[in-house]
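A quick write-up on the structure given underneath.
Labels A, B and C are assigned to the chains in the order they are written; within every chain, residues are numbered from 1.
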Amino acid sequence: MSEILDLAGIFVFALSGALMGVRKRLDVVGMGVLAGMTALGGGVVRDLILNVRPIAFQSLGYVLVPVVATVIVFFWHPHVARVMPAILVLDAAGLGLFCAVGTEKALEYGLNPLHAALLGVVTAVGGGMLRDVLAGEIPTLLYDRQLYAVPAMLGSACMAGLYAGLGLHGWPATLAAAVLAFVLRIAAMRRNWRAPLARGLSE
Amino acid sequence: MSEILDLAGIFVFALSGALMGVRKRLDVVGMGVLAGMTALGGGVVRDLILNVRPIAFQSLGYVLVPVVATVIVFFWHPHVARVMPAILVLDAAGLGLFCAVGTEKALEYGLNPLHAALLGVVTAVGGGMLRDVLAGEIPTLLYDRQLYAVPAMLGSACMAGLYAGLGLHGWPATLAAAVLAFVLRIAAMRRNWRAPLARGLSE
Amino acid sequence: MSEILDLAGIFVFALSGALMGVRKRLDVVGMGVLAGMTALGGGVVRDLILNVRPIAFQSLGYVLVPVVATVIVFFWHPHVARVMPAILVLDAAGLGLFCAVGTEKALEYGLNPLHAALLGVVTAVGGGMLRDVLAGEIPTLLYDRQLYAVPAMLGSACMAGLYAGLGLHGWPATLAAAVLAFVLRIAAMRRNWRAPLARGLSE
């Protein structure tokens, strides 16, 4: 169950990576690289920091799903681009899931709650940052003032609190943390909440 | 024998990194950083993912060869640039060698063939991608439609097939896979084979 | 004692990262990411290469200090920018400290002196390079011809020599190496020493 959810998140992230490849007129290799980086980059960095072999290099699904996403975007990108508003909702779901799963894995490997939550955020946003850097852009996360990292932080903190504070393990806790981050992310999009600039900078 | 081949590949990759430093008017430190990144980056990423200490930090030759390449380019870069067509052939040899060696090492550490082949490709193209990102450019690999990653993929797949399918180990298998990738890369350059853009994008 | 010095270096590096965020008009998330990357990136890369869990994910101070630096820059960036000349001196102290501490840790984990010194330089300059790449710029280190990496190299070499050559361990050796790098860095700034371009390139 948890692996299926994980693969669903990877699929959505891979679609967004491959679509950025189309927008920047990359070739099929570039599309595949961006798809794989977006989908797997955050988890690979998390596992390197936990000092374990990355899950992406142990399970076949993690490699096949980005390949499938690349093929779909290669042939049907106008249709995929047309349903991007729906994909943004799925992306929010992926964000919530990745921050919860990442935090939980870090706690299981013995990190304290603060570090585990930080690593959950890295899991959720790391792939997108790598995608942007490879595509020659400053990561959107750093400047566009949408609340994208903040919902992940709160979801990760929720997961860490449930796990370390209340002793709640397993999928109910994961789901609660993922839903919290998802709802906050959707609300931030709907209501156009914005991250502040440093004090005194004009809007 | 295998280490000498490896160091030869590192030397060629380091030359290309240092030359990019000259073209972008970097100083000698920048030339050295690009030389080292190009030559060693792919192997370091491979070893981090395999969760072993990178070979580049265990063997003196891996550090000295990029230093020598940087010194050569520093003093004689016009001559080195003039022989770049020959260097492109050597680069193709390095590409073939790195994908074969990388795949083999991954198989020896217990990865399954698909993941091992993927890691072989990372070994072969990772250093060049890091070089381009550090030099402020989108990695050539992603957009220029030359077949560079694809020969590495086929060489890595060949290595994985020989090793896992036929039980062939050691240098004859490595050499066969390396030669396959090399020949395909040279053919792609000669015949100007091109990677496709997403369907419907004008050429 | 050594952890307090380490945290002082992290604080200064985090200030410089957050200030770059202000200059590039990033939002508060971007400021925090650059602060954390600059302060912790070099040490994380060092620990990944040593194949140990990064210290930044084991000690609370390493996470809290960049957060505090980000808050300070968020509210009082004009004052912080005004004292940047003083911060450049502190940055030189951080550079010296990080190269000495990084080299020493690498020696303790069994690297030979050459690789340990290289890893000390990575510790000292890696965070700043990651900061520049994330901010969409070529790392300053590669082109600006200030001697920044070279003092770190000499400090790391000094540390490796004292440790492996003379058997000197502990804080006196660390301090000597750190002071050497610091003094060289300050001298390079004061006297405007410059790294050379490749031979034949006009200044």
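One rule holds in what follows: a contact is a pair of C-beta atoms (placed from the backbone, for glycine too) under 8 Å apart; a residue touches a chain by one contact, two chains touch by 3 or more.
Keep in mind it's a predicted model, so treat the numbers as computed, not measured.
Visitor: Rotating chain A so that its CA atoms sit on those of chain B: what angle is that, to a multiple of 5 degrees?
Guide: Best-fit rotation on C-alpha atoms: 120 degrees.
Visitor: Determine whether chain B and chain C, two copies of the same sequence, contact each other through the same residue numbers or different ones, counting it as same when over half of the numbers at the interface appear on both sides.
Guide: Both copies touch with mostly different residues.
Visitor: Between chain B and chain C, tell me the centre distance in angstrom, where each centre is the average of that chain's C-alpha atoms.
Guide: 29
Visitor: Which positions in chain C touch two or more other chains at once?
Guide: Residues 48, 51, 133 of chain C each touch two or more of the other chains.
Visitor: Touching chain C in the complex: which residues of chain A?
Guide: 48-51, 111-112, 114-115, 118-119, 129, 133, 137-139, 141-145, 148-150, 194-201
Visitor: For a test of understanding, state which residues of chain C touch chain A in their complex under the given definition.
Guide: For this pair, the touching residues of chain C are 21-22, 24-31, 33-34, 44, 48, 51-54, 57-58, 60, 63, 73-75, 77-78, 133-136.
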